[in-house]
Amino acid sequence: MADHLLEVRNLSVTFHTARGPVRAVRNVSWHLDRGEVLAILGESGSGKSVSASAIMDLIDCPPGEITSGELLFEGRDLLKMGREARRDINGKRIAMIFQDPLSHLNPVYTVGWQIEETMVIHGTPRATARRETVALLAKVGIPDPQHSAGKYPHQFSGGQRQRLMIAMALALRPDILIADEPTTALDVTVQAQILDLLEKLQEETGMGLLLITHDLGVVAEVADRVVVMNGGEIVEQGTAADVYANPQHPYTRKLIAAAPGKGEMPADRDRVEPLLSVTGLSKVYGGFTALQSADFELAEGETVAIVGESGSGKSTLAKCLLRLEEPTAGRAMYKGRDLFRLSPRELYQMRRDIQMVFQDPTQSLNPRMSVYDLVSEAWVIHPEILPRDRWRARVAELLEQVGLSPEHLHRYPHQFSGGQRQRIAIARALALEPRVIICDEAVSALDVSIQAQVIELLADLRRRLGLSYVFIAHDLPVVRDFADRVIVMQGGRIVEQGTVRQIFEAPRETYTKNLLAASLDPDPQVQAERRAARHAERVPA
Amino acid sequence: MQKFLTKRAIASGISLMILVVLVFFLSRLTGDPTDLYLPIDASLEARENFREIHGLNDPLIVQFGRYLGDLVTLDFGDSIRKSRPALEVVLEAFKWTLALALITIALVSFAAIVLGSLAAFNVGGVFDRIATFFSLIGASAPDFWIAIVAIVLFSVNLGWLPTSGTGTVWHWVLPIAVLFIRPFGLILQVVRGSMITALSSAYVKTARAKGVKPRPVIFVHGLRNGMLPVVTVIGDQAAGMLNGAVVVESIFGFPGVGKLMIDSILQRDFTVVLAAIMVTAFAIFLMNILIDIAYAVLDPRIRY
Amino acid sequence: MTDTSPLPVTPATAEKGRLRRFAGMLLADKPALVAAIFLLVVLLCAVFGPMLLDAVATKQNLRARNAPPFDPSLGWMAFLGADALGRPLLPRIIVAAQNTMMIAAGAVLASMAIGSCLGLIAGYSRGRWAQIIPRLADVIMSFPSLLLAVIVLYMLEPSAANIILVLAITRIPVYLRTARAEVLEIRERMFVQAARVMGASDARIVFRHILPVVLPTLLTIATLDFAFVMLAESSLSFLGIGIQAPEVTWGLMVSQGRPYLTSAWWLSFWPGLAIILTTLSLNLLSNWMRVALDPQQSWRLEIGGKKNG
């Protein structure tokens, strides 16, 4: 039996926290060989990053404690080596890149210096390191490598920063590269590029790639084998294709079922009088145009999705509609009045009709207010909706409507999970009995399995209460089975709009096509086909 | 970076101007100005005489104009006690204060940064606890009290060090030691807090993943980021020393500008008081600009 | 449709009895506990001291001039010795606590109230004032504070009110800057945006959403500041331009003992010690407050704080 390049055997790690010991991973075993890509798939709290941290000696003990297991690299147990030996391996034989490149790069040193450092501390003379750095920058696709080496991390874009981290990791041609959620913080199209880069480099160098992710699409695109983790344990492992086609464990099945964009697309609706009609909406900040002349309509009971990457202007649009920002130009006709020209008194009344659910429920709920306070605040501000003696009953009703128990009235946000907090936020939005709800990336901060639940809740509420939604998202799959119409934005402009079917099956604009192509399908078969198509395009005729 | 510096320089400049105006109006409007310059029992004639000679009967605006004019030409008048130009007296004394402050702040900075960083590296450890303990006590003690105790202990009882004056290097030991304690305590706490944050940051994780050794992790990766808030505090403390070494100078008979100011106040030598205020304020103004420059040098995010 | 994910560990009962929670956290941090008790004693001295001990403290006894401490023959009042006029030190220190505390408290309360208000306005409003107020703070901060005190006290006369005035003015920027910085940051938080979206008035947002978050920070700073102001007043009194006799503060007592340093060290020593212990307690308490009042850090104190990092 050949030795694996890297093998984790029965690893268990416990963290001693203020609330008692937490067993982060239990008896985890997996292996990685040269030239293959292994993905560790899990949601937050699954312990997916812990084994990688253990390999890189990044777990602080205390409060962490490795209670059992072996980490075998080329047959030798890393846990039995001294700190010095492990530092020797770090960066040289095993390297790691992280999720958020901005915070993981030292802001006060040039990127060139930081890449050189990897080489210099492992014995390369500085002049050689300098030359290598420029070559590396070119290899990962950074423009003007000579000049760029002297710049600082904050002067690059998000995608470029991840490329820089990759360059830094690959400087000494390690045998293994560990990538911890490398694309999670990036735009969809950028993600596609980075994954492409990783694949290319992996093929070139023949190194082993360990990819940690929560995204089935990433697994489908890149991984040979996958390990699925939940609650600190491995629930399933196998090749990517196998696990997708025949999931054994209920958790895996749940994850696969929750993958967005697999359902039925809503049927086209008949044309109706629009409830909200926006024309020429623009927003300029100083010299910067965040939003340029946006036009769209929202009909009653309809769900319009606005999809765009960072810098597309979608959030600005939402903020302008709610007058959180003042638009520079444009009109928004609602019930015959222009939203942007309302007096403060009229605006105050209009608030009852249009509400918002924010992206991060942890941040959008005041941590010092109980659930009851949070939901009933609407009626404190608008006393004419409900007499005070009916508040308690109504809060209970709303909580039930969003799937929470009325007993939770007195609890505080930090006592709930992320998905539950978003439900509270939805209940709060419903308290004013609005007709339109703007969901600003309302599910982006949630785990995949929870996302599906919340979207189902929103759909249910739509049916029961006749709500209209403006649903803002940063990628397309999530809106496929939920929206009636889709608006695609880029760089402050609306690039294309149409019914769901039109956008997904017959996109006209190049950007829309790119966006669709960059969206990763959780089915490895589908991704393989797409990849083949892409490579065919690349090969010169 | 230019914009950043000019903005800060203007703010400090405005404060200097306001100080100038404030001093003038306070000295003219709070009762009889001759009270400030002449002894309390001076006769009415002497006061009238004084007013004539110094143009105190002219309209306020004219006096203010003259005041500004004198200021610009650095003419503060003569010290009534010493019959020399007030500015000269002040600058002479200021040399001592400047030396005292600079030496002390240099020692404080070095010690606090090194010890604070080491404490932050192993939080909760023995070194950390000892350092925190001493720095808390240091930050709590009034310097005048420490000075007195030090004198009693080291000069009187043990006879190791002289009680006052200047002359030999030994005369500097106690003043510096006493002046050292409180800023050291404060800055060590700030360094520790700032370094704890820096050392638990994501980029330090990256450095460890690259295989960087512990000492460079602290002093190369952590320190430069941790220094940013510390620089501001060091600047504040240095400014404080320039005007607050008053107590230490008084007690140790150190001929600095603080002692000069107190003596002049008690002797009612107003020209010297005025000159001393101006010189010190200007020095602090320069110091603030230096700190801003240091900040910009340390943090490239400000420069670009 | 009900959310079946299990609720996290904290039971609802943890929210009851906030006072009990704080008491628990105080017990967890022994140094802070001792500090709090000491400060309570000082407070009691300040409030009741002059009422009870004024006569004893001001009674001159020329036979007991500079009497040394720890001598039981003079009665327990003179346990710490007596000063140049034979007045026993212990009751004098207790009585002086009132002036010392009152001046410091007056300055801190005034500067906190004014500074915080200005900071709130500067942070929340988007008009002219948002630009002007921070400049004002910058200007005051650039003033050498002792210098300012010297000027004012030289030209006006040193009275308790003037000292409070001067100290308060120099400390305003501390609260102003902190309040403003916090408000600027909190103003952008999503729960504030959510309140605006619901149509909440500015007043409601500031008082219901922003202030409760800013207040703990301000209180922590005020505690530290109290120590600073106390030291400043002591320095001023020591130099002779602060409180004048027959009023008494700890700083003044230290100064009065200076001529007798070599012969009667206790005159300056005990009041100075009082200052140190009070300042130290304030520092310790402030450190504790910083952790206890921050909902994200307070867990460190809730289980007995072992590895507090």
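Read from first to last, the chains carry the letters A, B and C; within each, the first residue is number 1.
The criterion applied here is as follows: a contact is a pair of C-beta atoms (placed from the backbone, for glycine too) under 8 Å apart; a residue touches a chain by one contact, two chains touch by 3 or more.
Here the structure is a predicted model, which means the values were calculated and not measured.
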{"item": "Maximum centroid distance from subunit C, chain identifier (CA atoms)", "value": "A"}
{"item": "Top chain pair, ranked by how many C-beta pairs fall in contact", "value": "B-C"}
{"item": "Euclidean distance of C-alpha centroids - subunit A vs subunit C, Å", "value": "46"}
{"item": "Distance between chain centroids, defined by C-alpha means - subunit B, subunit C (Å)", "value": "23"}
{"item": "Between subunit B and subunit A, distance of the C-alpha-averaged centres to the nearest whole Å", "value": "51"}
{"item": "Shared interface positions of subunit C, touching two or more other chains", "value": "307"}
{"item": "List of subunit C residues in touch with subunit B within their complex", "value": "135, 138-147, 150-152, 154-156, 227, 231, 234-235, 238-241, 251, 254-255, 258, 261-262, 265, 268-269, 272, 275-276, 279-280, 282-284, 307-309"}
{"item": "Footprint of subunit A on subunit C - complex, ascending", "value": "1-3, 5, 7-10, 12, 15, 189-191, 193-201, 204, 209, 212-213, 295, 299-300, 302-303, 305, 307"}
{"item": "Subunit B-touching residues of subunit A, taken from the complex the two chains share", "value": "56-58, 87-92, 95-96, 98, 100, 103-109, 117-118, 121-122, 152, 154-155, 165, 168"}
{"item": "Partner subunit C, residues of subunit A touching it in the complex", "value": "16, 18-19, 62-63, 322, 324, 347-348, 351-352, 355-356, 358-360, 363-368, 377-378, 381-382, 403-405, 410-412, 414-417, 419-420, 423, 425, 428, 432, 450, 453, 456-457, 460"}
{"item": "Partner subunit C, residues of subunit B touching it in the complex", "value": "11-12, 14-16, 18-19, 22-23, 26-27, 30-31, 36, 123-124, 136-137, 139-145, 148-149, 151-152, 156, 196, 239-240, 242-244, 246-247, 250, 261-262, 265-266, 273, 277, 280-281, 284-285, 288"}
